[in-house]
Amino acid sequence: MFSVTVRDHMMIAHSFHGEVFGPAQRLHGATYVVDATFRRQALDADNIVVDIGRAAQELRAVLSELTYRNLDGEPEFKGVNTSTEALAQVVADRLAERVRAGALGDGGQELASLVVTLHESHIAWATYERPL
Amino acid sequence: MFSVTVRDHMMIAHSFHGEVFGPAQRLHGATYVVDATFRRQALDADNIVVDIGRAAQELRAVLSELTYRNLDGEPEFKGVNTSTEALAQVVADRLAERVRAGALGDGGQELASLVVTLHESHIAWATYERPL
Amino acid sequence: MFSVTVRDHMMIAHSFHGEVFGPAQRLHGATYVVDATFRRQALDADNIVVDIGRAAQELRAVLSELTYRNLDGEPEFKGVNTSTEALAQVVADRLAERVRAGALGDGGQELASLVVTLHESHIAWATYERPL
Amino acid sequence: MFSVTVRDHMMIAHSFHGEVFGPAQRLHGATYVVDATFRRQALDADNIVVDIGRAAQELRAVLSELTYRNLDGEPEFKGVNTSTEALAQVVADRLAERVRAGALGDGGQELASLVVTLHESHIAWATYERPL
Amino acid sequence: MFSVTVRDHMMIAHSFHGEVFGPAQRLHGATYVVDATFRRQALDADNIVVDIGRAAQELRAVLSELTYRNLDGEPEFKGVNTSTEALAQVVADRLAERVRAGALGDGGQELASLVVTLHESHIAWATYERPL
Amino acid sequence: MFSVTVRDHMMIAHSFHGEVFGPAQRLHGATYVVDATFRRQALDADNIVVDIGRAAQELRAVLSELTYRNLDGEPEFKGVNTSTEALAQVVADRLAERVRAGALGDGGQELASLVVTLHESHIAWATYERPL
């Protein structure tokens, strides 16, 4: 199995609902350093998993819809705890949608799965993995 | 599949038995930067894998029983080579015991598996993965 | 010249005033991974620059007054652009005040200077350096 | 499952064939920071996955056949796009050959699989995983 | 003293002249992860050292003239050993020229100095520092 | 001013004397990831600060006298607290001695200063800087 990973980041504000979150129930923020991994059983005719430039471009496009925002004020996250693990799924699902729509070309259809990791600090990160 | 990882560290002395270890047969030491990953199929009602604060607390509790010690003098490691990979298992098994005992709350019972990585330097690390 | 550095982090929300900030004029957030460096000409009687445990404790104390907050709502930052470089100064000045007040013991009085770096992402950071 | 990883690097020149590569069709180069992970179901009699010193030595041996070279001029890569993911497979396959030939001792025969990651920059890397 | 640093990278091929370089006399390549640090005595009216977005843009512009090239074939490097330290100076000097030409606005004229670090691998890097 | 840095590591056991060290008064250990920086005003005839291969070799030689040892049992450290900052000086002074003895060739005599950083974990490190 092959994989290619690209890294980018986003900077958001949000707050959490639920006692378990302690002081994180207050409005605060995070830089998420985001790694998106594209997995594929075999390489394509160009000997690659995916055009790494386009992969980076699609990741950037997904993150640009989230970065520099207060997620508490975004209708799509109304009543949702935007935890690191939940946001990893949001990023992965949106990337998956773009791949299925052809954003990575025909080769994108051969991708087996997608792994998205959000690093919230030097001591904590979360991952979501899904098939494509 | 979702996962959440927390990082902490311990600083121990030890020596190894067996020619394969070369100069590491002498008493020496290591800083282990420890990553503990908790994996779960679906998020809980709070939209998280695990309370990250409690996860960090449990990892710290496990490491506090090992850090600032000479493992050669600890009865539990009598005659045992405390290699990086073996210590990864020790940390994972002790974390698993705590999870089963309820240290991470009811949600802890939904965890699928645990992965523990010990980084011994910038050029070497070892991992142990086990179901929960 | 000797120095000792300890690392911790904080997670805040804020927004900026001024066209130069572009989309960062919107309410967003950041994880700041914070490195505090204590510099001293010679080691003390214990052969150290500073008690590293206390240094980490003081850094944590300073960051705990900032983390998990929306800086836009804090009276002390009213009308102030809390840029990464400006926050580096805030952290350094507050640490300096604690050192002068004796938080690091008598040895703290021998410190020559303080350097604080705030990493806002994997591709950007800012530093403030001041005498003590 | 246990694993042990060792890290080394190589510095090569190459160019790519195919419009998808854009400016990378020109002769350029890369530092690849290479992580080789050896996986094994159970530890051996010495309580290790593999002699980490020999593992590092074998990785170095494989990389020494590639580093400080223009891959475009190497007969083995004639007409081959030496993408990061393709080179990850080259390194993994050559390591696997050495393991099968006994380079890691009898214990090497118990290894389950091999994972090789090549980091081409701070924002992109590729991985190849294969059974042993 | 304040500073702001931005990170980017370039991927080049080159070879060295001189016995001291050993196997690096052969055509090979490198990824240089490049950190550019802008230093300034006091913050500007916006409370910043420099517009971080423009700083990143200027660094990218300088690197785009070098990346994806064989430096041996570039007239400007004819007969020049493009060592990591020498390239750090090239990048710093070109950035300085842009700053003086106004690329970072009026505030750029207040910058005190520039530090450029090129990381050639996980175990080696070089730095060039100059006044502005 | 130019500089070149090389990285290596050592793994030692030791204990500290003095109440300030708390649990670190017990025999424990550390991995020190060591960065040695060589600074020079101008490049030499080969356009380098120092032969990076020889620099790495000398750092390795210095560390090989310390690694895989219990520093408490080494006569040279009798009654000495081998703190991270104190060991940074030991490494720097030994490197300086080698440089003066010609280990880095004639060019070594042109070096202005030496900076040695020992990373004891992901959250703490110490540095010693001295002229040459």
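When the chains are written out, they are named A, B, C, D, E and F in that same order, and each has its own residue count from 1.
Everything that follows uses one rule, which is that contacts are C-beta pairs under 8 Å (C-beta built on N, C-alpha and C of every residue); 3 or more make two chains touch, one makes a residue touch a chain.
These numbers come from a predicted model, not from an experiment.
The most distant chain from chain A, with centres taken as the mean of CA atoms, is F.
The pair B-D is the one among B-D, D-E or A-C whose contacts match those of A-B for more than half of the residue pairs.
We define each chain's centre as the mean of its Cα atoms; on that basis chain C and chain E are separated by 27 Å. Rounded to a whole number, the gap between the C-alpha centres of chain D and chain F is 31 angstrom.
In chain C, the positions touching at least two other chains are 7, 122-123. Residues of chain C touching chain A in their complex: 7, 9, 11-14, 23-24, 26-33, 67-70, 73, 120-123.
Interface of chain A with chain B (complex): residues 16, 18, 20-22, 80-86, 88-89, 122-129. Of all residues in chain B, only 1-8, 43, 46-49, 51-53, 56 touch chain A in the complex they form.
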